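Heads up, there are several structures right after this.
You will see subunit A twice below: alongside subunit B first, and alongside subunit C after that.
This part shows the complex of A and B:
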């Protein structure tokens, strides 16, 4: 009974999202530019014979795999509109209806997230497979079933962590009124801290260790590192535990901030 | 002619003044935006420092200070463009879609001028200071001597880069007149298209093969944007490339004017 409500939301949201499939496709076409530039960059760097030891023992194949996988995960895990949507719904008083309806605002957004990610996956999987096909000689294929299984588990976790961090920031609208000015800043910060600019292994050890205790690497670096077998089972277990702790912490934080925010909420625009 | 230039300069001054007054009314927002934009530049600074460190101060022949100079030039071009043009030309698709473009057409000034200059963003303009500091510091560290003619041409090349960025953005935005049927994507598509093109300008040209460099200099000349001013100051560049940069701007401006005029004829004044 509880789940059927959210399944209905998923169904309606799916129809809504499919209308915008052209948007997803064009997003991919234009987002391919940074990927092309990064591939050119690393191809030339390795082409002049740089030592792999200087790049944290990343071979050319590993670096290209990380670049493609990082780009792909960045698109799959981050819902670019969530922060702006939730923020405007709070600002414009749209959330009032969620206070009256027998559904939770957070769970409704999770339902939207599921459909949104499913549509993204269906729409973008073929273009990304084409990219991988084009770079098949440089791309590392993981044949270890155990690592691949953990990788497939790490992706939904990454999507969920990214969602909860963005949701939490959007809830700040209860206090700041408008967080849209922070949008570009937060997206770039997350991308940088998650390993979107370059693999986090290139950072000094102290910075790497510090970052791995924040939720951001689990959005991008962690799944990619698992796929490339950059982490040993002990490290996967340890970092996996940290990721789980962050999921729980972020869930609690979202719940607390929502409750405090609703107390302040004055239903502007209603 | 002189009277007309004086009139437009006065109007531009009024626009900038009103934008400054508006920004100062929301000082908190201005400070917040300036700080957050600085952070974005700091990430790139960190990115180049890590690359230089990892590659023993030799990123495809570019040392740490050369990379910092390149980044400083990129920040100068990018922030000058964002402050003066971005918040103007990128509003065109919305104006066309909603029909509010009518209000620009009825004003007793050149519509293209009005559309291209109405807003001036001071919070992104503050980053120009960051760019100046970074280029000055790295130039000094590279051991070059100060030369006024060199600096003047550098500034002119930066302004030309901003002009090329404006023309790319403006041309893409003019497509809104032609693709009104996909109105919901009117602003998203050209916006993404612009930044997709700009990505190729944001890294030193050495990452591309020599054939690609030729294409990105003479056919789709995005390398004229950041790479050319940077190379003029700290490396070598041929006078032909510099002359081409100015010729390209003039040709592109004329082409964009044709596209704009034809677009105006297609404008249907939606919802009015």
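This part shows the complex of A and C:
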């Protein structure tokens, strides 16, 4: 069974990930600092008396909820190392090893992603629960089971969309040799477009509508907005369909770019 | 035919830029595209169970050829068939029958024990558990690494790691084993063990072995047939003796005299002479063979006289030197 092969890859890479226990602690420390800055920033904005009407009807409580949730989703849905790893594997000829294996490189990377996200989940869930506990009076708890269910479905979709966008950019290494400069640009731009810096509801309507037809909001804003019940069922259905279309488009693009890329591959470093 | 390579050409497109800082700045805006022919119209075939070695200088096209044989890269022209598969199609069934060991690229998980990598290989290649255990025990025992397979790969020495690389590559019983510089960086003893193992493995399992190495001893010990590649062209395909016969006009004579007689005047036909083990080693032109032997016999009482062909190393050095 093909699936058992990928499960074995997940098992081995999980063991490999657990070798780096120190990472767990550093991840926690580095995660908290920017979140604290964001919370302080919004507290100051609301503290000086900016009206909610000027902030797309976001109350202080909603903004803090979005900030914590957005931060958590940003860390959880995006594999920051993926682009650099895949890019260096292509450049340094490490993918030769995968080209020789009777499994696909894309699926192997999906297996690594699953492992990586599981480790991240275990690592981050307690610190984020602690943060939510500390801000429990400002954090909105969702008690609607239907919305919560859709929220939990939107998260794996967000992880997969983020993975495929980053994977696609990394595949550009077949042509550009080095995408490290793209990395810095894409990470900050994608975070902005996904709603990682502030909620996309603060954008003008035309910009919001335009952005919702790109894959980026589905990485962060969409699941957060579902949790916060900012979208009605009709909007969830419509945007959910766009997310599904993007998943298919990104899958096809990854497949085409990979096929063209390996034809150019020269297995350097061997 | 097991492996059939016909009129294969491989061109690489490379960006060339002028040297120095000025060239680097200029290269940011315009780059000249250059086509470099790495493999130039080579053809050969290999039968099942053969042991074939590629020799040639750096950049001669050896590694490019084995990259094409294993399906890592596409040929620009010509056709390659490995047991009726086109390697570049990278079909799963093809991959399960071929193995590539790269001296400078690891297939093992660095932070885990070698056993974890072996076990993953078992699942990926659908190796039945009983076969896996039998093969692993046998390979580990032959390579003398049974006690090391539970140790993290990162803590193994280079030689031990190469043995693990061989195990991971052979666990699924490939029909073709391709090795690129398998003894690179290893100490003499490890080199010897790996050569011995490869030779025995080929003989016992009839696995086709194709290898490249800069250590000619690897090729001489393991391979029966040599493919000599120079500047992308296949300049010779045959046994070691055939190469020596074809490319060397010289023969080698070792002579030692009873009374430690020194050879002061070089007989006609001697191209070089050097002292060796209280005697002399002479390289002579084969055409002057009789004349040289007669002169040496006339010089005094001979204690020892060995006559032989040139070593492969000497011949290869001469070809590299363009002589």
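By our rule, the second predicted complex is superposed on the first by the 268 of 270 C-alpha atoms of A that agree within 3 Å, B and C clash if a C-alpha of one lies under 4 Å from a C-alpha of the other, contacts with A are read in each partner's own complex, and residues count from 1 in each chain.
As a working rule, contacts are C-beta pairs under 8 Å (C-beta built on N, C-alpha and C of every residue); 3 or more make two chains touch, one makes a residue touch a chain.
If you're wondering where the values come from, they're calculated on a predicted model, not measured in any experiment.
Chemist: Check whether A:229 is in contact with subunit B, with subunit C, with both or with neither, and answer first, second, both or neither.
Modeler: After superposition on chain A, A:229 lies in contact with neither partner.
Chemist: Quick check on the superposed pair: does A:9 touch subunit B, subunit C, both, or neither? Answer first, second, both or neither.
Modeler: In the superposition, A:9 touches subunit C alone.
Chemist: Once the structures are superposed on A, label A:40 by its partner contacts, choosing first (subunit B), second (subunit C), both or neither.
Modeler: first
Chemist: Who touches more of subunit A, subunit B or subunit C?
Modeler: Touching more residues of subunit A than the other partner does is B.
Chemist: In the overlay, answer first, second, both or neither for which of subunit B and subunit C A:85 touches.
Modeler: A:85: touches no partner chain.
Chemist: Hey, which residues of subunit A end up touching subunit C in the complex?
Modeler: 4-5, 8-9, 12, 15-16, 19, 93-94, 96-97, 99-103, 263, 265-267, 269-270
Chemist: Tell me, which parts of subunit A touch subunit B in their complex?
Modeler: 22-23, 26-27, 29-34, 36-37, 40-41, 44-45, 48, 50, 54-55, 181-182, 184-185, 188-189, 192, 197-198, 202-203
Chemist: If we count contacts the way the header does, which residues on subunit C are in touch with subunit A in the complex?
Modeler: Residues 12, 63, 67, 70-74, 90, 92, 95-96, 98-100, 102, 104-107, 109, 111-112, 116-117, 119-120, 123-125, 180 of subunit C touch subunit A in their complex.
Chemist: With touch defined as at the start, can you tell me which subunit B residues reach subunit A in the complex?
Modeler: Interface residues on subunit B, with respect to subunit A: 29, 32-33, 36-37, 39-40, 43, 46-47, 50-51, 54-56, 59-60, 182, 185, 188-189, 192-193, 195-197, 199-200, 202-203, 206-209, 212.
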